[in-house]
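The next part holds the structures, each set out as structure tokens.
In what comes next, chain A is part of two complexes: it sits with chain B in the first one and with chain C in the second one.
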Partner chain A sequence: MTTILIINSVEQQPTVREVLSSVVDAGETIYFLRLPTVRCLGPLIQDINPMIEYDVEYTISCLPEGYDVAELVEFAVETDADRICIGISERTVTGKARIDDLTESVLLHDRISGDFVVGEHAIILEELDYAQ
Partner chain B sequence: MLRIEFQIRLAGIPSQIADIDSQVSSVEIDNALPVAGDSVFLSLTAQFGSDISQDTLAEKLPGVQIIDMSKADVNQHTYYLGVIAALSDASVLSLLTENQAIPHRIVGRNAHLNVVASVRDWNHLKEVANTVEDEHGSLELVGTTQTETIGFPLGGNKIKQSMSGKLSDKQLEVLETAYRMGYFKVPQEVTAEEIASELDISRSTLSERLRRVEHNFCELLFGPQE
Partner chain C sequence: MSQTDQNKTEERRQEAKREKETVREKRQRNKGIGWDGRTLREQLAELEDKTEATGHYSGVTELSLKEDDPIRFEQLYSRLRGDLVTAREISKEVSATPIVEQEGELCYGLFTPEGDSIAVSTGIIVHVHTMSEAIKFMINHDYEESPGIEPGDIFVNNDPHVGDVHPCDLMTLIPIFHNGELVAWAGGVNHVIDTGAVGPGSMNVSQASRFGDGAYYTARKIGEEFQLYNSWKKEYPAKTRTPSFLKLDERTRITGCLMIRDSVKEMIERTGVETFKQLSREAIEYGRRGFRNRIKKTMLPGTYRGASFVDALYEGQQNVTREYANENHLMHAPSELHIREDGSFQVSFEGANKWGWHPYNCTPAAIQGGIWVMLTQTVIPNELVNDGAYYACDFHLPVGSWANTQNTETAHAYAWHFLVSAWAPLWQHLSRGYYARGFWEEINAGNANTSNWLQGGGIDQFDKLHAVNSFEAACEGVGARYVADGEPHASAIWNPEGDMGDAEAWEQVEPLPFLGRAIKPNTGGAGRRAGGAGFESMRTIKDVSRWLLYEMGNGYMTSDSGLFGGYPAASGYILNAQETDLKERFENGEDYPQHDLDPESGEFESKIDGDVTRRPEGISTPKEFDDYDMYLNYLRGGSGLGDPLERDPEDVLSDIHDGYVLPRHAEDAYAVVVNKVNDEAKHNSAVQGEWEIDEGATEELREKRMDERAEKAQPASEWYDQQRDRIRNEENLIDDVKKTYESSMRMSKQFARFFRNFWDLPEDFAFDLSYQAEQSLNNRFDSGLRPMWDNYTRRHKTWLDVDDEPYVPYTWTDRSLQDLPDSVSTFKHFEQTSDDD
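This part shows the complex of A and B:
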């Protein structure tokens, strides 16, 4: 199984830990996908230590400046991702996970579908199917 | 099941009411019942900027039949309306139910309709969003949460309806803030001072408003005090 974990802030430790501990199984492959707003993932990854603490293989990739959702979907297709996880950075006054522009674009994109789970710190799109 | 909140531009009867007076701060569809001939009976709560009569409202809403109109006990310029309107005046509601989504809240405010609804899953969310976008232009997803229950469909929250007009806006604001911040949890997640600070009011004002809320709840449950 392959999981893309979108990182839009270096403050997303809880998101990464939730995904690694309760979504992904040991031995799986993770793509940490850095958005252009994040300069460096080094400290975050070092602190979490995914290979030692969670026994997962990981790769760090990034989306270019001015990316659009099609590039993210293309990346998911190329990596044959089974899941895409997106951090919840804020909640509405009624406790709903606030949906940012990127998440909205992915959710409403024609080419991608599957199951949608809202966790404590992450939105998890899983069992992904990609239309041609 | 997913509970979603989205925004579209103001449309239908909330838009028509907002056009009457620039001071209209919100129009909520509380309930809807189908009637013969592509019409719908709507219960609405509208907050105007000043008092308004039924005759004036009828004049400003020519395509709408006003069946009932009453003023809230506490909140100034808040009115409860029972109207018969064309189904297209509540089109977002129709689109939701036609697509088997469950509407929970539809509120017109600040040039937008804020809608809370439940959908089965991701595919259902896409179907509903596409249908609403086709009819209303762009749609902005605001938030989502996972839920096991359907909650209160539009018109199903009897307690809320009973309490409508019994609490002032300030009392509701205090109550909701205290609830959201965890004041009523055991153990408490926030102190009264923290809520007062969040609302920028004094501790004594907070205490007074919460007591009035409790008094009004008790009055509703047990009747007026002897």
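This part shows the complex of A and C:
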């Protein structure tokens, strides 16, 4: 199975750890997708060591400044992703995960559908289907 | 510059500008300069993750380029390597110092974007790995962000806490780009003549701390678009006594780096960038496998143990920069080499004693580079020489020891003194393995302690401020081999291509005319196979003012023991003469000393009047010399192998005629009796006279010597009991020795336990130290300085995996590496397993 893990901050170690330990299985493939808000995932990868610690294959890609959500969906289609994971960057005053603009755009995109799961640190869109 | 060269320079700059625009466009799109849009740090992180997870460099399990077309692979790699060698051979002619031009103290490497060496030139190949560390430092400290890494950039480094052995090895690094992607680095390093330290020369010895080592340049960007910044051009010459030499050295390095860049660009144009990338990955993985396979083939699995020591005596020395540094130091380097069945190679210096107020401290880059250069020559001379070997080895360097100081104050100007001495047992560990497996041709007793270092400076014969650093030390005797004697005055461990250089070349840059140069007898260790002899140069001083000179090397202690019963190489001594009557002797045509071939004969003193200093030490601090003073530069020999009583007497006779052994020492060491039969005969050496073997007397003396041995011999258990009592009662143990062992025990609980158990000492045994020694240890153990090494790559972790390893005051462990089941286990896993059970 293939998972896209969107990184929008260098502080997202908890998100990454949650996805790698509870969502994906060993031997699966991860695409770390770096948003323009993050210049480099190097420190995060050095901290987590996905292959050593979780036995996953992975690559690192990026989206440019001013990207459109269609580019993210296109990337998901190209990689035939089964899941998209996004970190929870904000919570409501009652502690509930706030759906940010990016997550909302993906959820509402008409080319993609799937199941919606909210974890401790990550929002997971799984069982993805892509419309032609 | 010719029109062709000007055109080429301009073309290169224009190309850099165009490539820079591509890089900046990519940056606008949030892409890094790494492959496929990654940043360099992402690329490094992923590479390390993959390498460790798979056990193969960058996860390369199949060498498809090599397997599909092995000839082409070899051709491509050889082309790269050949171009590196060519770059060195040509660029060294740019330099003005004999250090580079004569002795060849220069090296180049081609590195992956992540900083792993793909191929290296000849020369001081220790720097294969130090430049790697410097590149990784820049990556880990986000130089891609600031100051930026772009086409045409030029970087410099000489900081051992980043990636170097010591500050006199200046390195130039340039990134090589293709279509906006960083595809490689070219790096060049050379030993400069003066670092602007508190004393003149490249490796001053009188400083107590880093702040007297000279100018440090910590991984800095010094140019763009292949042009040095004006600020750099003004800055660094002001920090050295020899600005013109350093400028030319820099041009040397840049010349070589640009030649390597051209070679890579040409290969990419011919074969495509993907082939180049694949070649670079596979070459390192192939190098790693080559190392592992050699170890599996030539060594027995198990633990090899040894120890070495070397002296650095400062008590009573003049001109030491701090009073608290006026003490004697003995380096203690217990070493363990663990070889496992899979060929993994793990070296531990657990038990090494504390860093000191001297310039011989080392950093991880220094140790790893130094051991690497030794391994290159012993383990993989026929395999690919690159960082693959680095990935095949593990090192444990106790934090806070002289091997890994982690200290903002420690001086490192001549780390080699401890480094070279520390790995002496490693040669012998390997040799023992080779012997057990039958690879006798590979056996080597060790290497010479690379010294003496003739250094100094002042106002020279051209009335200029100048510094000198003779590199005759590149030409020491090599340790004996199992199948042959060691090569006399041949090379240095850090540069197997070393040369003593032409006397005339040295005299052009040193106001120190040669009075004589000769093989020095009794410097190679005696043995069935003799260690290679060292040599000596007798120098005088002329047309100087305010001229300082000093010595640096081993003195009381020899760090290189013999092997299989061979004798160690001779240790060093100091010989100077000041306020001499040499001028009068020249004018009157009288005899004067040209050598000191027999230090005990009195011959030197009989031929000169003056203030003669003859001391059994190897280190002195800078003192003033004047015209017609004299200085002996004594370059050491290598250690011997096998029982000297088994050396063929005919070989001993040849040794006498070749100047390797004095006739009276032939009797002492080899029990060979010779008679002089001719006073006039000359040989191709400084020896005059002809000797013959008295075969009957020799046979008799050898029998007598064997009887004497039998008489003196005692059971090991008896000897052990005597030594144990000696240690318990602290009999005949000087304070410096006790301080050394006490330091090791305080550094390492494991070593302390080993030492006490071995000698059956009480659990609370500690040496009774003098007040000064106690103060000295407390001073260093209590200093709470912040750690220096902050280049945390995966390879730097200690496999002992001490979670909260304190940087000061102690590094300790209760566990032994031998308890781990395999090379990838750590004590964390071991404890978890135990808990699970």
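Side notes on the structure shown:
Here is the rule we use: the second predicted complex is superposed on the first by the 132 of 132 C-alpha atoms of A that agree within 3 Å, B and C clash if a C-alpha of one lies under 4 Å from a C-alpha of the other, contacts with A are read in each partner's own complex, and residues count from 1 in each chain.
Just so it is clear, contacts are C-beta pairs under 8 Å (C-beta built on N, C-alpha and C of every residue); 3 or more make two chains touch, one makes a residue touch a chain.
Just so it is clear, the model here is predicted, and its values are computed rather than measured.
After superposition onto chain A, partners chain B and chain C are found to sit side by side with no clash. When the two complexes are overlaid on their common chain A, residue A:Gly114 makes contact with chain B while staying clear of chain C. In the overlay built on the shared chain, the residue A:Ala70 is in contact with neither chain B nor chain C. Once chain A of one complex is fitted onto chain A of the other, the partner contacts of A:Ile45 are limited to chain C, with no touch recorded for chain B.
By the touch criterion defined above, A:Pro36 lies against chain C but remains apart from chain B after alignment on the C-alpha atoms of chain A. Judged by the touch definition given at the top, the superposed model places A:Ala131 against neither chain B nor chain C. Of the two partner chains, chain B is the only one touched by A:Ile99; chain C is not. Between chain B and chain C, the minimal CA-CA distance in the chain A superposition rounds to 28 Å. Contacts from chain A toward chain B in the complex involve residues 91-99, 103-104, 107-108, 113-118, 123, 125. By the touch criterion given at the top, residues 34, 36, 39-43, 45-46, 49-52, 55, 58-65 of chain A touch chain C in their complex. Here chain C touches chain A in the complex through residues 28-32, 36-42, 44-46, 48-50, 52-54, 59, 139-140, 142, 144-145, 792, 794, going by the rule given at the top. Remark: chain B residues 2-5, 116, 121-123, 125-126, 129-130, 140-146, 176, 180 touch chain A in the complex.
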